[in-house]
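Labels run A, B, C and D following the written order; every chain starts at residue 1.
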Amino acid sequence: MNQPVLGLFKYVDSMVEAAVSMKDTGYTVTVFSPIPLGVELDPVVMRPNYIRYFALFGAFIGLIFGVVLALGTAALYVLPRGGLPIWPVTPTLLLAYESIILCGVIWTLIGFFIIARKPNFGKQIYDPKLSLDSFGLLVEDIREDKVEEVERLLEGFGADEVNRVEKS
Amino acid sequence: MKRRDFLKFIGAGGIGTGLGILFGQAIKPPGSKLIPYLIPPEDVIPGLANWYASLCTQCSAGCGVLVKVMDGRAKKVEGNPLHPVSNGKLCVRGQSGVQTLYNPDRITGPMKRKGARGSNSFEPISWDEAIREVSGKLKELSSKGEAEKLYLLSSSLGGHLGMLADDFMAGFGSSNSIKYDLFDNRNLRYANKSTMGLDAIPHYDIENTQYLLSFGADFASTWLSPVALSRGYGEMRQGGHSARGKFVQVEPRLSLTAANADDWVPAKPGTEAILALAIAREIVESGHYKGSDVSAWKSLLAPFGRTYAAGVTDVDKGKIRTIAKEFMNARPSLAIGGESISGYSNGVSGLVAINILNHVAGNLGIEGGVQPNSSDLFAGRRADRVGPGIDALIKAANGSGIGLLLHYNNNPAFTTPGSAHAVEAIKNVPYIASFSSFMDETTALADIILPSHTSFEDWGDDFTDPAPGFQVATLMQPVVSPVFKTRSLGDTIIGLGKGVGGAAAAKMPEGTYAEHLKDSWSGLYTRNKAMNASELTFERFWRDTLAKGGWWKESKPKMSKLKVSARSAARHISKEPAKFEGDNSQYPLYLIPYAQAGHLDGRGANVPWLQELPDPITSVVWGSWVEINPKTASRLGVKMGDMVEIESPYGKILSPVFVYEGIRPDTVAVPIGQGHKLYGRYAENRGANPLEVLPPTVDSRTGAYALNSTRVRIVKTGRPGDLVKMDVSTDELGRNIVQTVPPGGAPHKDTSHH
Amino acid sequence: MDNISYNEINDDVVRTMTKTTWKYWALLIFCASMAGVLWFGAWAYQIYAGQGVTGLNTPTFWGIYLANFVFWIGISHSGTLLSAILFITATPWRRSIYRSAEAITFFSVLTAAVFIFVHMGRPWNFYWTMPYFTTRELWVNFTSPIMFDVFAISTYMTSSVIFLYFGSIPDLAAVRDKVTGWRKPVYTYLSLGWRGTDAEWHWLSKSYTFFAVFIIPLAVSVHSIVSWDFALSTVPGLNKTIFAPYFVVGAIFSGTAAIVTLMACYRKAMKVEKYITLMHFDKLCMLLLVMSLLWSYINVVEVFSGWYANTSAENETLMYRMFMKPHAYMYWLMILTNSILPLLFIFKSLRRSIFICIIVSIGINVGMWIERYLIVATSLPRKFLPNMWHDYIPSLIEISMTIGSIFFFVMLFLIFVKLWPSISIYEVKEDIGIPMRKGFKRH
Amino acid sequence: MSGILTRLKDKLASYRVPGYRTKFDYKWTMVVDLDRCNGCEACVVACYAENNLPVVGKRDCDISRRFSWIRIERYVEGTYPDVKVKFIPIMCQHCDAAPCEIGCPVYATYHNQDGLNVQVYNRCVGTFTCATYCTYDVRRFNWFTYKWDAPLEQQLNPDVTVREMGVMEKCTFCIQRIRVAKDTAKDEGRKVQEGDMKTACEQSCPTDAITFGDLNDPHSKVSKLAKSPRRYRLLEELDTDPSVIYLKRVMEDRKGSGHGTSHG
């Protein structure tokens, strides 16, 4: 059951029209593209931006890390130098600044991996043309009797190729 | 861990250990054996330093030192704080004594010449062989009836070693003991003796003087007793006297000492004596001199008028007057004359003139003036430091008057003018035995070398000359066991004396030199009331003296009166400036060779510390230079670092130029000490020896070579020289690095407002 | 770029990676061996014999190595920083050059980082500068500008690598789909299973924006911090408050120039003229012109502030730098290449002349190297105590390592081109536009 | 609880206030009287002997790699015949606000409890930062592994380490001698007193130009000398707060110039 169908399109507007239609019909659609599609996909899907929370969290962790590292190590080993206070302000801020960025970057990356579920080397629905010049529309949750209808519909929307693909 | 594993482990470990021991045996150098510190040598605690009091022999000043010894090795030399000469201080050369001791270029044992003479090719022999061979040669000489043809050439041998050498020579039947050092103050001794009747060099009390007028005495680095005099200088400046002493230096070149003077008077070279006499005349004419023989002085000094002197000396008339006024008004004041003035062809005149100056100003025999040193510790039995000069030896050698030459610790091949041809003369000697510790130019001429200890391995003593106003006897004791197969010179002499037999053997003491030294001190103790009053028994006295580093009276004796008579002075002064070889038109520049702080007469050149010590004035390291006034340099078209030829009628040397504001435009100065052809890896083929271009001018009265006695010309070579100086810029650029206050000015005020 | 098809782009980029001529190999081997001998051979000798084989001396403890370090850090500034700024501002001409530019960043930071170890007296103890738990019970001194450096540069290197890799993921997937043989598994793993779904693109672009946002202040801070290595000292000539902006501007200046040089060579060698067009050079040269004017302004400010202070130390350093041989030659050459020659870019025709671009950009890099060299080599020899002044003459070892580092950098870039999609495939596609039925739609 | 808080507060205050250095056990200070100093360089050789300074040879001297921790600088002013040469011994100034200490990333140089600027050779990684920041150019670097020709190595002072290639070094105020004095004093249950120890340069100085002691002790010689109206410190305008105090040289101004005298 649930035979997914992947339609490959040459033109984005055809694909979007198809996707909107399929979505409206109640199918689950996934869009594949060789380039990022921004506003064009708005009719199909709108996603919130969760990455920002990771970035903020990372920056916060970095701030704490930097301050604690600078002040903590100085407090552990009280070695006066250059007539400076043991807890100097500027270097601490500087260190915090750098570690905010470092941790921010790392947590953003971690966030991406978590949200986008990468890396993923398992078997997935894919077609090598999707990295070339084809825009793919994967239609899932089709009742078995509707598969052919979906295929037809996709071809009607202008898909160059419509394949039944194995489920991942 | 299981028990079986443990046993295996032990087994493996055991085998490993066994193999390790076997391997260790196999790679061990032959003869090496570990001696545990279970029963350590007496008074050696590993890791703790022992300090031994001894004597510094790097120059003839006779500073008492303390040597830091750890685990049997000498680590550092410091001044002996109890010693009245060093006062706990020490100069650059003295502190380098450890590097003399551990110098990698020392002669490691007795050697016999293998190749041609002077080719520096020797083969090692045993001490017995060496003593036997030299004794044999001596006996041969003696049996030929030519005992008088034995010559001993050495540096001034202080204390009982000198007396032992004298005994040996006398016993053998020769009186030809030549003491020679380039800077042995012959002229000063002569001048003082002939005008003031002083046997020993007096104490120049810089410490307490109010006005020091120095004629080329570079006491900050080399003159007489630099450590004691420098200490005096420091006290004079800031020692808490009512006023800070003033210091004027007369010298053609701004030496280290002149750099510290309040005023530098660059009189024309060779005319300083006239300047001194002109000042003396001013003083006498002003009525300051109250002696009964004032008329004699007046007439003697009459020719040295201010105008005449100003014309000759290139010193402003007003300046002569000012100096005279200050010199007589500052009480006490002191005039001293150093190497620069005594090095002229009429060196004695200059020094006599200074004695006159001290006399007419009333500085003789007072605190802060010239204080006589007595030499009565031995009641006439004292190794004389001045005798015939090296020129006598050269003459004898050239006339085949020397059958056998014993040589120790000086280097006439380096320290005599090239034109004196000392090397060629010494080569005429049929047999030369040298006791030197280092292979230098003279030692290389020897047929056999019986190397002596350096001072930290040897026994000895010295009776300081010049002393600090009272008698000082310093003991030298071995602080480390000999580094190489060398021997104490005293023991070598005793061995030779016994080997020769006859009268010489009879004069030699029983036992070793160390025992002889103790016996001699026992004699001193018995004779000398001051000594035996202080301690009950000699053993205690000896022990304490060894611990203290020597013996000296604790307080200054009453000063005896000194005077210079106009009659004795008259013989030595003249209106003529000193003579310089070379025609003025061909050789337009006066040459002033001077003793360099680290190397003195060249003996310090094999010490790496001293080679790398920047010259105090020029900051040059590892080489020599010629100081030229910028005006002269630009006229000659040379700049800092250029290689030039310094050419006199007697030869030429190559040296890089050091452009220096502190030298007269008609004068160039070259430091002595570099230019060794042979003196170890650090000294060889480095820089130039200015003595090579000097004329063989000897003062017949004293036997001293006149160092400042030739003119030279500077010839551009167009090549860059190998000048390495540490200062890149000596321009302060107004950065207030060395801040100053004017004397007498309100020092706490900001001085920029005046 | 209108007549390029999507397929063609993939083919072209994969071609740059897979089709290698023997000339390329020869160049790579030459660069590798030169880097090996001139840099690492010399370095090995230096480690064995000691820092004494350099021309460093007592007042001049920092020499050509520090100049190289600053220079390479500077070069790095145009990759990531420029890429990030242009990304944030959505500048379209960024797309075909930014990948190489970011690679330049990574490689030059790497080269710079090695120079830190090269200049150390005991490089085998380099890890002592890292804060980690240790039995020696000594941490690191966070007041030290060197520690700022350690943190800034390691952050910078990490971030740059992430930025570079992250932006390449879709392209790695594209490459994965094209290649065969050993490359297949490599790019499969490198692309992390990228499929190009709408969700992936969404998170990618959101994350990428954050990276860009983080990178911009980071890059600015990195070169400021590098400047503080000097500026926090009291040494006349180094203690300039203007150093931070001066270094940042100089960094962007030299980095852009390096991009121009490298792009000019790259497009020719890889035959990708259709992606890297004269338009790109036009824009980059305009940037160079702006940076040149900015640099000249700050340079004048630096000289004037020193001159206006009128202290002996400042005057002496300026004199030494500007009017005394041999530094005067270098100084005025620097003014020529950095302030005067870039003025040629006022003319559009010259901006579009590859020849002029190469000449001027190489000139700028030489000039910027001289700038860094002069900062170190004319300030330290003229410190406060004139007695201790001493000129600095680099030794052959130092010069060899400097030249070797260029070969090392080129070698890394040559390897990069073969292993990595050096032109962003998906973004060039974006550049062409989104295929609609009515034709391409551009943003 | 309040006790802990008070202690924490105290500790925080002590960390924050730069004036902590007044609380050092000792305040080792050197006073150099420039009017006494005659530039003879005995101190330089003393330092070589005490501190195992290597001799680098002519070539390395030429590129200014001489090792002496203490050096005499000389400044010549005027032209013939009105020439003045001024000397100043310069060693590590042991600044209380030392630029070098700020620069070291690994704490190889820091301020110890005696107020000394110390160098930990084992910790040094050789970044040169300290030497670059040093305003007095007193830091020396081990460019090579230096060798002593046998048997010169027998002279090496076992109290002082022979430094390895690649580390920075400088004048320590003869910390090994301070150590001995402190140990002795500790054994006797007292503080180090005046006269317990001398630095090598001070010990050797024939003119007594160098005096070393504890500035915290109001009766020490340095305390008295430090109050001299001639007192100044080298490059004081750089605010490094050196522990070496110089006493101005007493010298006539050169004729017709106010240049070269003190302006501040």
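Methods note: contacts are C-beta pairs under 8 Å (C-beta built on N, C-alpha and C of every residue); 3 or more make two chains touch, one makes a residue touch a chain.
Owing to the predicted nature of the structure, the values given are computational and were not obtained by experimental measurement.
Peer 1: Quick one: most central chain, C-alpha centroids?
Peer 2: D
Peer 1: Quick one: chain B and chain C, Cα centre-to-centre, how many Å?
Peer 2: Computed value for the inter-centroid distance: 64 Å.
Peer 1: As a quick test, compute the distance in whole Å between the mean CA positions of chain B and chain D.
Peer 2: 32
Peer 1: Where the centres are mean C-alpha positions, what is the separation of chain A from chain C, in Å?
Peer 2: 30
Peer 1: Distance between chain A and chain B based on Cα centroids, please, to the nearest Å.
Peer 2: 88
Peer 1: Return the residues of chain A touching two or more other chains; collapse runs of consecutive numbers into ranges.
Peer 2: As it turns out, chain A has residues touching two or more other chains at 74, 77, 79, 81-82, 84.
Peer 1: By the touch rule stated above, which residues of chain B touch at least two different other chains?
Peer 2: 619, 726-728, 730-732, 734-735, 737 - these are the residues of chain B that touch more than one other chain.
Peer 1: Mark out which residues of chain D touch at least two other chains, giving numbers and ranges.
Peer 2: 64, 66, 71, 73-75, 99, 102, 104, 107, 110, 235
Peer 1: Between the chains shown, work out who touches whom and classify the graph as line, ring, star, complete or other.
Peer 2: Topology of touching chains reads as other, fitting no named class.
Peer 1: Chain A touches which residues of chain C in the complex?
Peer 2: 5-7, 10, 131, 137-143, 147-148, 151-152, 154-155, 158-159, 162, 166, 170, 173-174, 176-178, 188-189, 192-207, 210-211, 214-215, 217-218, 221, 225, 425-427, 429-430, 434-437, 441, 443
Peer 1: Considering the complex alone, what residue numbers of chain D touch chain C?
Peer 2: Where chain D meets chain C, its residues are 60, 63-66, 71, 73-75, 90, 99, 102-107, 110, 123-129, 131-133, 135-137, 139-145, 164-168, 235, 238, 240.
Peer 1: Once bound in the complex, which stretches of chain D touch chain A?
Peer 2: By the definition above, chain D touches chain A via 12, 14-18, 20-21, 95-102, 104, 107, 109-111, 241.
Peer 1: Quick one: in the complex, what on chain C touches chain B?
Peer 2: Touching chain B: residues 312-313, 316, 384-391 of chain C.
Peer 1: State the interface residues of chain C toward chain D in the complex, per the touch definition above.
Peer 2: Spelled out, the residues of chain C in touch with chain D are 49-52, 55-59, 61-62, 119-123, 125-126, 128-129, 136, 138-141, 143-147, 150, 229, 232-235, 380, 383-388, 390, 393.
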